[in-house]
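A, B, C, D, E and F label the chains in the order they appear, each numbered from 1.
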Amino acid sequence: MEDTRIAILAGSASARLGSAVCTLLDLSPVACDARRFPDGELYVELAQSVRGTDLFLIQATSPPVDQHLIELLMLADACRRAGADRLTGIIPYFGYARQDRRAGRCSLGARVAADVIASAGFDRLVLIDAHTPAIEGFFAVPIEHLTAAPLLAHAVATSLPAPSVVVAPDLGAVKLAREYARLLHMPMAVVHKTRLDGEAVEAKAVMGDVAGRSPLVIDDMLSTGSTIEAAVATLRAAGAIDPVTVAVTHALLVGPATDLLPKLGLARIVASDSVERDGAANLPITTESLAPLVAATIRHLHRDESLSETRYPA
Amino acid sequence: MEDTRIAILAGSASARLGSAVCTLLDLSPVACDARRFPDGELYVELAQSVRGTDLFLIQATSPPVDQHLIELLMLADACRRAGADRLTGIIPYFGYARQDRRAGRCSLGARVAADVIASAGFDRLVLIDAHTPAIEGFFAVPIEHLTAAPLLAHAVATSLPAPSVVVAPDLGAVKLAREYARLLHMPMAVVHKTRLDGEAVEAKAVMGDVAGRSPLVIDDMLSTGSTIEAAVATLRAAGAIDPVTVAVTHALLVGPATDLLPKLGLARIVASDSVERDGAANLPITTESLAPLVAATIRHLHRDESLSETRYPA
Amino acid sequence: MEDTRIAILAGSASARLGSAVCTLLDLSPVACDARRFPDGELYVELAQSVRGTDLFLIQATSPPVDQHLIELLMLADACRRAGADRLTGIIPYFGYARQDRRAGRCSLGARVAADVIASAGFDRLVLIDAHTPAIEGFFAVPIEHLTAAPLLAHAVATSLPAPSVVVAPDLGAVKLAREYARLLHMPMAVVHKTRLDGEAVEAKAVMGDVAGRSPLVIDDMLSTGSTIEAAVATLRAAGAIDPVTVAVTHALLVGPATDLLPKLGLARIVASDSVERDGAANLPITTESLAPLVAATIRHLHRDESLSETRYPA
Amino acid sequence: MEDTRIAILAGSASARLGSAVCTLLDLSPVACDARRFPDGELYVELAQSVRGTDLFLIQATSPPVDQHLIELLMLADACRRAGADRLTGIIPYFGYARQDRRAGRCSLGARVAADVIASAGFDRLVLIDAHTPAIEGFFAVPIEHLTAAPLLAHAVATSLPAPSVVVAPDLGAVKLAREYARLLHMPMAVVHKTRLDGEAVEAKAVMGDVAGRSPLVIDDMLSTGSTIEAAVATLRAAGAIDPVTVAVTHALLVGPATDLLPKLGLARIVASDSVERDGAANLPITTESLAPLVAATIRHLHRDESLSETRYPA
Amino acid sequence: MEDTRIAILAGSASARLGSAVCTLLDLSPVACDARRFPDGELYVELAQSVRGTDLFLIQATSPPVDQHLIELLMLADACRRAGADRLTGIIPYFGYARQDRRAGRCSLGARVAADVIASAGFDRLVLIDAHTPAIEGFFAVPIEHLTAAPLLAHAVATSLPAPSVVVAPDLGAVKLAREYARLLHMPMAVVHKTRLDGEAVEAKAVMGDVAGRSPLVIDDMLSTGSTIEAAVATLRAAGAIDPVTVAVTHALLVGPATDLLPKLGLARIVASDSVERDGAANLPITTESLAPLVAATIRHLHRDESLSETRYPA
Amino acid sequence: MEDTRIAILAGSASARLGSAVCTLLDLSPVACDARRFPDGELYVELAQSVRGTDLFLIQATSPPVDQHLIELLMLADACRRAGADRLTGIIPYFGYARQDRRAGRCSLGARVAADVIASAGFDRLVLIDAHTPAIEGFFAVPIEHLTAAPLLAHAVATSLPAPSVVVAPDLGAVKLAREYARLLHMPMAVVHKTRLDGEAVEAKAVMGDVAGRSPLVIDDMLSTGSTIEAAVATLRAAGAIDPVTVAVTHALLVGPATDLLPKLGLARIVASDSVERDGAANLPITTESLAPLVAATIRHLHRDESLSETRYPA
């Protein structure tokens, strides 16, 4: 597509990331008027022509998730109708991904979100550490599924004391934990729920050796902090020692998170900027930007270059 | 479908209407657990089996529109996956309907909303006074497009002094005004924007005879009240007299509406309960329930009876 | 798409317009053998290669509407199978557009026509003053909805005496009337049906001030002339004076039109060439060609240039 | 579907056949108002409710093919939107079937027709001796492909003198000829085009022994008569003797047919009533009605009975 | 659907299971002629009518996976075209499920398989312990995802000595291991690959306490046995004691499995009959039939009863 | 597409043909790792980037047909997800094509195969002498249907003694026979089944004059040889003389073919290389490569040149 003009449009959920990506690519984002009417309906209008462009639309479906999801659709629709030649959606954080299976008469939320996004007519989507790796199969269009693990592993590598251990705070994170363990040449452990006695309530247990080790608790997302809270308590009970470090791709920090996390005695939280938020001054959080990863992906896709190095770094 | 079991499920935007419909049909609504996680993601789970039912899902896409739209999808998905035999969506108020054409590089919001709803797999939809009558064509599935005009016309009929005039507050409402004029045997007029002189700004003008007449201003929706405000001022300047009555199907009353409307000296506002809201104690508003209309429609559809009488009352 | 070859193919309903567009663009139309077998089946075969072209297919679905509609499909199918790279349909007149809502157990004709056209696999469609502006939402593919109003307003501007008034001959034409009023800096009025007394039959009435004014009756289409006939009678009864001018985008002139219209004492009828017809020598009709508008649209689309100026002229 | 109400609707191309089928099933056809506006647009409206019915729509796409095709769509759309529970299309003659392959930059007319029909949302289609048996694969919905060969073979059986021969008038009819030969225990021959010498023009030749035999020329359709004319001349040159009989499922008799056929000295033409036409008094044509076959098919489908006996009679 | 006739059809991959299910339901399976031509093409023909039935088609896509997959399609196509009213596919083992994400320029095999199956037009699918729980989202149609874990856990419960431990032989099995641990009130452990030193090769490690415990190694499938082999060696090295028990839903036993497994000193292998195979006389394998689970599911679906008890047993 | 990079990928069924095509086009085929796991599941991974390429995927669905069909899908999926800009499938032999109509409750195998292939997302397909010419209509995407008849006719032309006759061995091959007859300026005949007497069994008969002529038996495919065997016997009984030559596009030679054919005393069998096989040393078979035809087609498609000369050679 190198003979077409490249264009980058960022929605309100990813305005800063979009801006950083544009700076790296030496481009101006597509000017766009997006506003809410008094009844809450969103109106979007592109302020410049995108006809014939190779358009990349960046928008996380982070909280408020429904609004950001509909905004993603409205922007995509505007781009498609305005004649974008190719439309690639870049969704740094994919909301509703945890509803990837049903355990009763519930909805399959991740598929609903996928279908909604698909209805907008993207040619390709780029996701980053979606909760379900199998999310790729929820879409008919090709998915480029990137990971922030190397970025975050590199960021924490020097500050981890020896001996350390990578810890998955629940069973859903074991594969990501292995990825960190592989990158950092560290052992791993996993915190999980157990209920050995039929009558007793569930308790947390640790699989793997954490005694005397300093844990790096990793996860794809940090939401209310309750999973981390339980994991840290379990780890300490099992003999893990300070400092305790946390690395997550998506730092949502919703609900009680900003109250709860400061009480945990965490040495450091490292997260990407997939979810944009203000404040959190009371947290020892450092943010690693996804902008270089996203910019490189856009550059490769636009130039029809292989993504292998970007998607699967050594 | 009379050999199947009927089931009615109401979303959070239409809980009261759904309850009233169930009372009229002597049914209990399907019990459903719908809640938001701390990150704002919606989770819905039906508390009882709907397998093999003829299911009617009632949910307006009223403000907050994006949340109500996604809730509609999630509920529909849960019903479909749980084995509902036929799924009819009843959308008393259809948000984003005003974005039914593009005038620049904007999105076609009504089609985006339609596509999103279509992705949920409804077999049939029931709409009530959607902003665009042609909305029927935005969907592949059959639409039953009902109108509240007879209900509201009947409600205001006795309180209108002679001589009165039905007034469309803008050009978009002329066909609905004609419907009221036909039902009430009254003349009609229309307020519209004009700009006779190239340099001058736009002004409002009235087509039709309103001097010495008491206006019944009608519209499909009452949002911030600004359209009504401008219409009333123009009508008074053109000689219309008190009382001024307003009849609208959808009373959103958002933004400045509750401040602005009390200042207009309206004698009465009549609206349906398509949009559920609290308060508005300072407004002379009376509400006519759509429950009988919706209940009759459900009964006819379930029994495979003709809707003609319901859809096109004399 | 400027790196691809442009190709223009005109169907039998738009042969003259297609030829005029080609002249403006300095191109030869794609040679095509389209003939009817003795049983009435259409056979089309392109006489030259269109592989890899940016192909624009021009065909109105004017009367005989079913034949022209099927011809549009057959030509599109031939182009697509022969390897056209991009296929844009230009439909100067869109038949069946008035069947845009149902009022009984009828078909939704406009959607049927839209689905039929969609089945041919166009990438984009260009319409001109379709009866329903919301027709855009009937299609999944992007629509460029052009208007001939500026062209026709310009054509009548100098011949209208002062004072004049733009008149919509029925409620369906009010928005188009406002557009003319805006372009010509004139007031507007609307003729509409009324039935003030429950027992009486319907009568025509005028909203707006027409006494002593010379009317410019506008509409999207002029079919049998009966709407114009009723409007002119009503206007004269309300005091409107000669000359009476008519401006319509689509002059179908079917059925009794050529008998009826000469009796109305019209000073002038201005129409576009969206519908091709012979004769009408007994009518004071002048035709403004859409060729420059269509040619400019093709040029912009092919060069990936913005259509804003073309679609929404000041 | 026996617990649902059966309903039969016949379009204008199959009014008589529909009426005969209804008589056999002791049903009244669905009343329907179908008319053309002065501009030729079709308007259809069902005069009675079909909600919840098992609806069978009978409409040939015989000449005028485009109008009959669009009427089929409009009727189907009206039925679907009016709530028919199941919609089966019965197409006694399928127009455009001969365009079943491309030999240049032409359209694939049979697929275009199939796609157009598919867009109307049928659940199942019933065809009778479509030109291409493989037409079944052009549709995603299930096809019941019936044949009139046993009906017509039975009709001619007693009037054929010995020795007779079944003749395919071109290569496309050989499989149908074998079917007749099998049913009538007769030998077969085929007339085909040949060009033995590179420079010479094409000539007709006969494969198979026809000398001293009385031919039964069979075909799926009889259009202008030119194929029959050439076959009869070739057969006589090869020694075939009178009487010459013709059996065809679809007697279109268009163009020069009614002039040309009387000159051929045919003893008898037997055809089905798949195509409705007036007159042809100067032809020795007898018509066998498809009504019993169609009525039996409807009855079996409605009762969920096997069609094997109907589709593949011994 | 209780007013329709139920029908059960089993493909060649699930003939015994289908037969057992039919016995439990007191039904005869649909007779079907399915054979391979000398060129390997499959031909299927139903020997009795299925028109109007509620049809359940049972076919695992076990090895030879491609043939079984195509057979599933062919059977489904035959059923659909022959008029089955509702078509439910029951796939006891879902092949290609492990290709649920891409790690390079490979295909997304699980989605390819899902798309292929979807093209056959099922109304609903029933899967059993598919490798990816998120497989539900790969399909648009509703999925009932059953598990054999309670069945297998019950089968091994009495033969496990104390103390025992449930072991996931790799990270992909941890959630299934937790399910077994929950059902059996046992602790759990997981074997995983590790590479602590950058230069060193990968080694297996155990997370969780297995010393002095008798392991129950569980997995969704047992293919070549190499995963079990490595796990058992690692467990023994970590102090686990005999007896070693294995429980898997799908016992494929391909390649070196029947050579390798006897050498491992396993006390017992418990598996379901999702994959049909002959022999394995040299293995201590016992088979628990899925027939009761499948029969109950069919009975509930046919009667429109809730599946909750079946899908999510306590 | 000449501004994009061309890429050619050959599946295991067409490795030699792909290699020959690449040689003619002076290209290297895309390196690809395609292997079967021990359980028979196919895994494919492209070893080099195809992003932005104009990709041609060559794979016959020859025996083992199901594996080759799934491989075609897997390769296509890998190409599409890896970013191929345009994906053209070249299927030298299309399996399941004979199941192009149903004669009972069987599946419509050719449509099943077509749907499966369509699910892989090709932009265009190239077929060669598919059994059903109407196969084009089974697909929504454009089909280029090539023929090997000129190639094979040219190959046999000089070795045929005078007088010769082109023979179709059954009715399905008559149109192909006419094509050979036209190319070689020879008469034609056809062998067919007949059953003149109701009680007697079927017998073979010849239409056309073969006595004293040397037959060229042609067909689209040579499978087990039984059709040829019966034809040769019938021809000899009817007086045909040696040498007997056979020309077929697709030489499958399965089942008893290599035993049966040597006994027929055939002078020569000429076939294309659409189906790759080893051996057949005991047969007088010569192979004409399709590589020049395929290479020319690829070159033309890539350069957006007309295919007319290639598809319809004089």
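Criterion: a residue touches a chain if its C-beta (ideal position, glycine included) is under 8 Å from a C-beta of that chain, and two chains touch if they have at least 3 such contacts.
Everything quoted here is computed from the prediction, not taken from an experiment.
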Contact-graph distance - origin subunit B, target subunit F: 2
Chains touching both subunit C and subunit F, listed by label: A, D
Fitting subunit D to subunit E on CA atoms, where both chains share a sequence, rotation angle to nearest 5 degrees: 120
Farthest chain relative to subunit C (centres taken as mean CA coordinates): E
Same-residue or different-residue interface between subunit A and subunit B, half as cut-off: same
Between C-D and B-D, the pair joined by more C-beta contacts: C-D
Cα-centroid distance, subunit D relative to subunit F, in whole angstrom: 32
Separation of subunit A from subunit F, taking each centre as the mean of its C-alpha atoms, in whole Å: 50
Inter-centroid spacing, subunit D versus subunit A (mean Cα positions, whole Å): 61
Geometric centre distance via CA averages, subunit E-subunit B, whole Å: 50
Numbers and ranges of subunit F residues touching at least 2 other chains: 3, 49, 81-82, 102, 104-105, 108, 111, 115, 308
Interchain pairs in contact, sorted by label: A-B, A-C, A-E, A-F, B-C, B-D, B-E, C-D, C-F, D-E, D-F, E-F
Subunit F-touching residues of subunit E, taken from the complex the two chains share: 37-47, 49-50, 63-67, 69-70, 73-75, 77-78, 81-82, 95-96, 98-99, 102, 104-109, 111-112, 115-116, 118-120, 223-224, 252, 254-256
Contact footprint of subunit C on subunit F as seen in their complex: 1, 3, 124, 142-143, 300-301, 304-308
In the complex, subunit C residues that touch subunit B: 100-105, 108, 110-111, 114-115, 132-138, 140, 145, 171-172, 174-175, 178, 181-182, 185-190, 192-198, 205, 207-208, 308, 312
Partner subunit E, residues of subunit B touching it in the complex: 3, 5, 49, 51-53, 80-83, 85
